[in-house]
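Heads up, there are several structures right after this.
Consider the two complexes below, in which chain A is the common component and chain B and chain C are the respective partners.
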Partner chain A sequence: MSAAVQAGAPPRRTVRPRRGAVLGARRLEAALYVLPAAVLFGVFIAEPIAANLFSSMVEPHGRVGFANYAVALADPVFATAIRNSLLWVAVSLACEIAIGFALALLIELYLPRGRAVFRTLLFLPMVITPSVIALVFNTFYASDYGLLYGAFRAVGLADMFPSLLGAPATASLAIIAVNVWQWSGFFVLMYCVGLAAIDRELLDAAAIDGARGWRRVRHILWPLCGGTTISLVVLGTIQALQQFPLIYLMTEGGPADSSQTLATYIFQTGFVEGQMHYASAIAVVLFLLALALVAIEYRLAGGGFSLSGKGAGRG
Partner chain B sequence: MPHTPWRALRRAALGLVAVAGFAGTALAAAPVTVTLWSWSPVTPTMKAMVAAIEKNHPDIRIRATIQPHTAYFTALKAAAASGTLPDIVGLPPGNYTQQTRPHLLALDQVAAAAWGADWQKHFAPALLTQARLGNPAGDTHFYMLPMEAEVLNLWMNRAAFAKAGLKAPPASFAQLVADAAKLRKAGFIGMYQGGATGLFDNWVYMQIAAQTDLPDLLAAETGHPVWTKPGMVAAAKVWGELFTRHVVQDGALSALQYPTGANLFAAGRVGMMSLGSWWLQNTHLSADPALKTMSGYEKFFFPALKAGGAASPPLGGVDIGWGITRTAAKSPAEEHATATVFKELISGAGEQVALNQLNDLPAFNGMRPQGTMPPAVRKLYDSYIKELATAHPHQIGNPVIYQALISNLQAIGAGTKTPAAAMAAVQAVAQAQAK
Partner chain C sequence: MAEPGLQRLALAILIAATAVSLIPTIYMIDISFRTANDSFAPVLIAAHPTIANYVVVLHSGHLARFFFNSVGVAAGSVAVTLFCATTLSFAIARLKIRFSRAILLLVLSALLLPLASLLIPITVLLRTLSLTNSWIGLIGPNAALGIPFATVIIKEAMTAVPDELEEAATLDGAASLTVLWRIVVPLIRPALIVVAIWEFLFSWNEFFLALVIMTHNATKTLPLAPLYYQGPYMTDPGKLFAILTLIAVVPMAVYALVQRWFVSGLMAGGVKG
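After this line comes the complex of A and B, so read on.
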């Protein structure tokens, strides 16, 4: 209370700011908070996307149009790259989710001790650089001197040894297997977090109701890890679509372009063949494909993203 | 003595002048730094080259970065786009030089200043032709000048051959097939092919095509759409037979030429391998006596396809050259330093060190390795020098055609395309590029 009021003087009328002015000030304040992030987004994300979009429309003779997209539609390697990119998403995700959830169940529910050790061991491939992994698995798959070949020879089946990386039909799958080996540990870790976050009382109640064994996994644990699954599906989709080093280091997209994905084909057309505008067009397609897949997944998930298993996913 | 503010200020000013004076002197004497990127020579050789140049020019410091082939050319492209290229860049002729050309200085004046107005006489005409491979019509400038040259050939491991009961390299294709089978039976890889490294698929095919249709091969290298000519298809057929007749190892299309293949060959696990004159660098890089003296290895050209015929003629040319970027010289001192290093790399202390380590063959006339060589190495080296003089070019100028050729050669090797269909596909790309 002011000294004037205390002395019995009539209170001064305080001028209350208009509601519009308050809102304006708050909006300005909010805008100032958002500004740094917006500037960073604009400079490092929006502008490169716009620049790439423009680049994709620059035709070989400098005109602006859709010729690069027309070329892509008639390009058989581009079709292979699209097919392989979708194969990567489907096979990688299916394997990583199955392995990740199964191993997480074993670790969290059936392992009496040493969980941290197993989690760490399974996570180790994630911290190995892709170039080392590529070299190791190139040797693993190699005919004549590879570890896998040695196993075939040991059991007298050397003549039946399949050259997994050298055959167009299996090259992509062989690299996807390496990717699954590398990333499954991450999926295990995330499912462990998801499982650990499930309310024990809920599990006890389910047990009293007779939900045990497979039924408990199918009807209780799997649905309750729905949020984790959806988040992993989104992360795994983006990772699979972006995968470049393993493919390039193991096959350079070959043999005969059979293991090209959109990511490696962008590199080949842009950096090896020097067709940067065509590469930009392929990059736009990759961007749209990633956007579409994630949008579909987001819609199927009902917007529930959570690594703690508490999302609103349908599971 | 009383301390007044004025006196303190005066002392500070004098101090500043002294510091500025020292700094000025230091700056005046500071060496000029020249930055250099390349994928070749190998790092130990490059370090020795840098040391030799810096010893000759104490006023110059060289910051050299050597990266693996693919990483290097990716970095080059990114640096070109972002305006952060180094002063000097290592370049092979043809498509990589052409991709970097907008950022490269035309070297004609630099070369004239270094070696005189008639500087072109110091290089073999074939090498200068290759240096300009892919230039736009009418552009006669040089954007790279060669430091070293190479010759392509096959190598054999004598010990592996001896264990397989073989003595000499195969003289015919039929014998190549038979020798590979014997080597395989003796526990070796018959002929190693790093099929995942497209460059060597391309080079083996070109060595075969040099027998079946040399004129069209040379025309194809410069962009002419002649890939469906009978000789070119015949070469593709022979390439396919390397796979179907098990001359190259099973799974060759997934194998890497470097480091895997070269390591296996050096370790004595491989009978034959497609490499080139640069294999001699192992005389300095390896401690293995068989490599150090080359007594365990012998070179030969792709054997005659027809009995009694001649082996493939030598293919070769520029291995590595140097270009100067447009952003290199920011001051006269930097311009001078860059030109000095450029000259030393091609015809001076730098190249001499590389030659002494047998990195590859000299591109600059009159340069030779110094010191003594084991007799077997000397014999090989001298034969390469002779072959280089008559070697036919070994580079495809257009990167899109080059990639199409690799992809289709791999398709033949994998059995997913017939030689005729594969060459028709390359032809279609070449025709589209010619428009």
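After this line comes the complex of A and C, so read on.
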């Protein structure tokens, strides 16, 4: 409509005063396009972040200060939660990237046909509701009637069957394994997309230069998927930090708080124990931990967060 | 392409990996077809399958109500996310507004927010606004959290639309809204489909917010059903697993139907994240 006004105004003299008005109209118009997202962002993201920050500073007797953070520092469960959250990020990412990249290589480079079948089937766990998955794996891990117990019994090791979810040493890892099972297919798919985007001529040139087998993977394909890797690392970090339903429905953070993460501990302190201000302080820590981890990962990768598929993936 | 020996080895590894990945799903479906006598057997596939569990669970409880709520919340979340992310991307990529880099950076930074860190303030806010136990109470946060990822993908696709097409239409006197709807949206359809599928899966499966916001049985969504039925069917896993299978079948069916577009949309956009 602004352009229509311009097009319908032949005399040159009138252009200058009008351009100001047109620009103003364009700005207003652009603002209208930004408005819906901005409102949602303001109400459901910016306001909550600010409210959370304020809430975390409210002390038991209504004073303002850092008492909630001081309590957290002395709280052994909080320490466990931090440790477990870091364990979640490290183990999930290591497994998902290794499995995802390896299977994607096999699919994209060694399969003459049927690629889509494997990509689709491997992705399937990813779409299943996590609360459903939690209950399926509760039965899977169960002593005496679970499928894993059945496997142990079949090879004559029934007596040695471990109660994975019931032991503090293994509870977190047993749930992380479920998370890896669910998300690996996503990593496979993303690496397939990344590998498919690599220039074939580049690979041919590398082959002529003698880059084959493991050397080709290590020095050509892995670096060329760098953009995919850093994106997946960031995404996987946030995903691991916010995982809730699996832990809540499989161990409720137990036994004896041993599988508590920051996400479940926020729920535990805020909604079960009703200490909203303390939970807010933990939420702020989680928020800062996510930022710190991503900053470190970004630094380690030497920048190059690529969502365009053309950035670090090629250059 | 690699030599035949390596191809066969790769195929064998992939079949093994896929089998392992499918076992829990097969296990879930099989338990849902078991008789009460078989339901505690530690095997992958039990003998004597029956559909009795489905007959019982489909005739009882709130399952239909939960399903209805899930459809409403997911449809609303997808619609709002698509609308907001498309208009925002248009302003950034095509109208080239001022501060567009800053806005994009702000949006990107929201990708780094773990939902758990916003759970309490969002709940407090929704209680203040009397939006707990309402679809809007879930659609709002779902969309707000979905917009960053959606904007990244849609903005990327819009940047790839040739300027000439838009300029031609603008010279013909088309309003920006017409340009967006008639020219840009049809061209970026693959990206919109990727976003719609992603947002559908996210909002359909979302548990954490629903748990604290949907406290009435009449407003609960399907991800809360496992928690709801866990107690009553503790001694009858066949029926519990029939419910679990029914919940899981919806996103699996949707994905089976649309995965072709999802994958080709990802490949076409060269989206990596």
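Note that in this section the second predicted complex is superposed on the first by the 265 of 315 C-alpha atoms of A that agree within 3 Å, B and C clash if a C-alpha of one lies under 4 Å from a C-alpha of the other, contacts with A are read in each partner's own complex, and residues count from 1 in each chain.
FYI, contacts are C-beta pairs under 8 Å (C-beta built on N, C-alpha and C of every residue); 3 or more make two chains touch, one makes a residue touch a chain.
If you're wondering where the values come from, they're calculated on a predicted model, not measured in any experiment.
In the superposed model, A:W88 lies in contact with neither chain B nor chain C. Residue by residue along chain A, chain B and chain C are tallied for touches, and C comes out ahead. In the superposition on chain A, A:A196 makes contact with chain C only, not with chain B. In the superposed model, A:F187 makes contact with neither chain B nor chain C. By the touch criterion stated above, A:Y145 is placed in contact with chain B and with chain C alike.
In the superposition on chain A, contact is made by A:L291 with chain C only, not with chain B. Touch criterion met: A:Q275 reaches chain B, while chain C stays clear of it. Once the two complexes are overlaid on the shared chain, A:L165 sits against chain B while remaining clear of chain C. Common to the chain B and chain C contact sets on chain A are residues 139, 144-145, 248, 267, 270-271. The touching residues of chain B, counted against chain A in their complex, run 70, 73-74, 77, 95, 98-99, 189, 195-198, 249-256, 260, 264, 269, 399-400, 402-403, 406-408, 410-411, 413-414, 416-417. The part of chain C that touches chain A in the complex is made up of residues 1-2, 6-7, 9-11, 13-14, 17-18, 21-25, 27-28, 31, 40-44, 80, 83-85, 87-88, 90-91, 95, 97-98, 103, 106-107, 110-122, 124-125, 140-141, 143-145, 147, 151-153, 156, 170-171, 173, 175-176, 201, 204-205, 207-208, 211-212, 222-227, 230, 237, 240-241, 244, 247-248, 251-252, 254-256, 259, 263, 266-267, 269-273.
Chain A meets chain B in the complex at residues 77, 138-139, 141-145, 161, 163-168, 171, 248, 250-252, 254-258, 267-268, 270-275. Interface residues of chain A, counted against chain C in their complex, comprise 1, 3-4, 7, 26-27, 29-31, 33-38, 40-41, 43-45, 47-49, 51-52, 55, 99, 103, 106-107, 109-112, 116, 118-137, 139-140, 144-147, 149-150, 153, 181, 184-185, 189-190, 193-194, 196-197, 227-228, 231-232, 234-235, 238, 241-242, 244-245, 248-249, 262-263, 266-267, 270-271, 276, 279-280, 283-284, 286-287, 290-291, 294, 306-310, 313.
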